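Below you'll find the structure, written out as structure tokens, and then a few comments.
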């Protein structure tokens, strides 16, 4: 995403605040994978992987990788106490049955209504949806972590997505390097601002209108 | 035992989640694998007008049969009630409605509910009025199939051999039967278990029901009925 | 069935001949449960139960029963080496996928076309179909063991079943105390005769026509 | 090792069951849990015009990716091909047809094939052209659903940690993934296994795939590719 490590961690840290004790959380690749590093010690959370792991732990040390213990992206992980393995139908059963409390993922575009477009760039990239549609449609809460703008400076939060949708009206929260937005029945609401960005600056880099929460939190 | 996830509760506390008129799904097959203490809790607390979903109606004094025999169910969805003459009598007398579903299809409907699949298509009993009832059909590739809709419940009750505090379950031999399916299908799932072991002591490869699907764990007081063969 | 032990065992023994090495076989209650006693030593057959056992062995000794190891009828069994437990969906998956080679069951009536009626007596007995429909429709071979006639002397092999069908055109073979019939596209064929019964006697007690195989085997 | 059920065979004998143009279903997820020796056997024997069904197209030199990269597949049914740029190129060039299915629904379609269910209904990707394609819909209770048909294959190939001579299988950690589903869906199923153990030495409660579904067992020569993270 062409973002410094510090900024990426700031976004991940804010996302980590959304995770409560006892939750089951699915993390996408990229910034979402940094979220566990920012959880308070003793948080009882189970990280879920589509390939059939409940209870993923951190990446193993170099040289201690197990080729048969990898996340959905094919990279080595570890497990925590209380973890279990299952086949892919059960892993997705957890998602569709509403037992996965939260998914935290990246996106190419999100609309102010919560439409998610994160899987295809027509004519360029048609890699398949993988598990993105099920997670977007069925996880209880969908949080998108992404840049406020694309590499050309165009807003990634838009009025109507120009890219094909992964799923309509599914995103509950967007966290960028500039701000945090909630998406409710009343539309997009700015709730947090990352210093030193201003609301005007965010407005200039957002492709749709948004309201401002009563008490905007400023995160330094 | 550590109760890290606050899932381990006493039978009395488990009973606070039940109420009259509920849809209750139960694990077990001919009574085997049906949670005895939860069944007694339901009886002792007088819950009634229940809709019961499970493989069969047990025997008159075994498994879910105890609840059925005392007239606490207004409806059952099951594959057979042949082993419980009281259930047959209640049905004949119009005191309990029974919806029959072929056994394997019933299990698949419960699983479908458990994994968030709205329905499956089936060719079992396609030309049989009792199976088809007023079920919808759907033609695929020129063949007609029954639409067998998913089943879920307000509460699922299951019986397991061991649980850890997260609710990961393993079952004992053929007492597994419908339990892992029923465990997924409840909006709330309560597992009665023979033994609670520390977190991390169950082999993650051997866990049959991931704790994700289990809301509460109740220690079992053991089977207190005589088996049909005894 | 009001049949002597000797006759029941004769039927079971003939049924056992149909079981070949490597088969997966589901047995109903009654006479079918006697079939394993008549298998040649060393036959590698796996007995299947709908409640999730593959590889059932004989009944345990009195006092050695395990309440958590029972067959689909709720009665104690044992297991053989190589047995496994599964949930009911997988047990029925084996049936519907065509992996169960044979089911041996009882019946109230069978028609000459192979229609099976073994689950309901209207107005009297409506116990539910259990797993009978799936077994009848999907097991690779369906063998019915039953009396030639009911308790009033009426034939149980009939032209058209009077009782509601479990499944149409599914029975491949019928074994009674008098004879063995195959059911093919050409209809009912008598292949074996149990001494001292005669073909005429069988005809008198069969409710539909049948042809006679070229070399009828007489079993003493 | 005793070969009581004549299921244990060498790789060369396993290859006699393959032919050009076959539908082959493979276990694995990102290459993990895909049987390496059977993949090499398919490559070495030159089988082509294959239809491949599985979770994804692996990496160019990992898992099923090795078969895809060498142009041996005329069609794939998968949930994504993002990790294998060669697959994307073949698709773009019109040299390989790709049918995408949402990951969990693909797994359910394979399972449905495996347990003899003709189709499931699904609400995943209902308003998405790439998912719906020309799929049939079916309305139940006033809601529209996609009819997602079962998938089966001429041969299923899976990778397991241990097998006994009956073909009962257990899997290793997350290498289980789609393997138990794929194992049920093949008209013939061949399991490549790391270890063959005597009949009776696997705990019947821990067996994941009953040997009923496994026709042949081939000893593995082990993974011979470099993992993406190496």
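The letters A, B, C and D name the chains in turn, as written, and every chain counts its residues from 1.
We take it that a contact is a pair of C-beta atoms (placed from the backbone, for glycine too) under 8 Å apart; a residue touches a chain by one contact, two chains touch by 3 or more.
Just so it is clear, the structure is predicted and the values come from calculations on it, not from any experiment.
Of all chains, the one whose CA centroid is most distant from that of chain C is A. Averaged Cα coordinates give chain A a centre that lies 57 Å from the centre of chain C. Between chain B and chain D, the centres computed from C-alpha atoms are 32 Å apart. Centroid to centroid, with C-alpha atoms defining each point, chain A and chain D lie 29 Å apart. The multi-chain contact residues of chain A, meaning those touching 2 or more other chains, are 85-86, 89, 92-93, 95-96, 138.
The multi-chain contact residues of chain D, meaning those touching 2 or more other chains, are 108, 115, 117, 123, 171-173, 176, 204-205. All chain pairs in contact, by the document's touch criterion: A-B, A-D, B-C, B-D, C-D. Against chain B, in their complex, chain D makes its touches with residues 108, 112, 115, 117-123, 136, 138, 140-141, 143, 145, 147, 149, 170-173, 176, 204-206. On chain A, the positions that touch chain D within their shared complex are 49-53, 65-76, 85-89, 91-93, 95-96, 120, 125-131, 133-134, 137-138, 164-168.
In the complex of the two chains, the chain D residues touching chain A come out as 29-33, 55-56, 59, 78-83, 88, 91, 98, 100, 102-105, 107-108, 111, 123-125, 127-131, 161, 171-181, 208, 223, 227-229.
The residues of chain D lying in touch with chain C in their complex are 4-6, 114-117, 164-166, 168, 184, 199-200, 202, 204-205, 207, 210-213. Residues 22, 24, 44, 46, 48, 54-55, 79, 81-86, 89-90, 92-100, 138 of chain C touch chain D in their complex.
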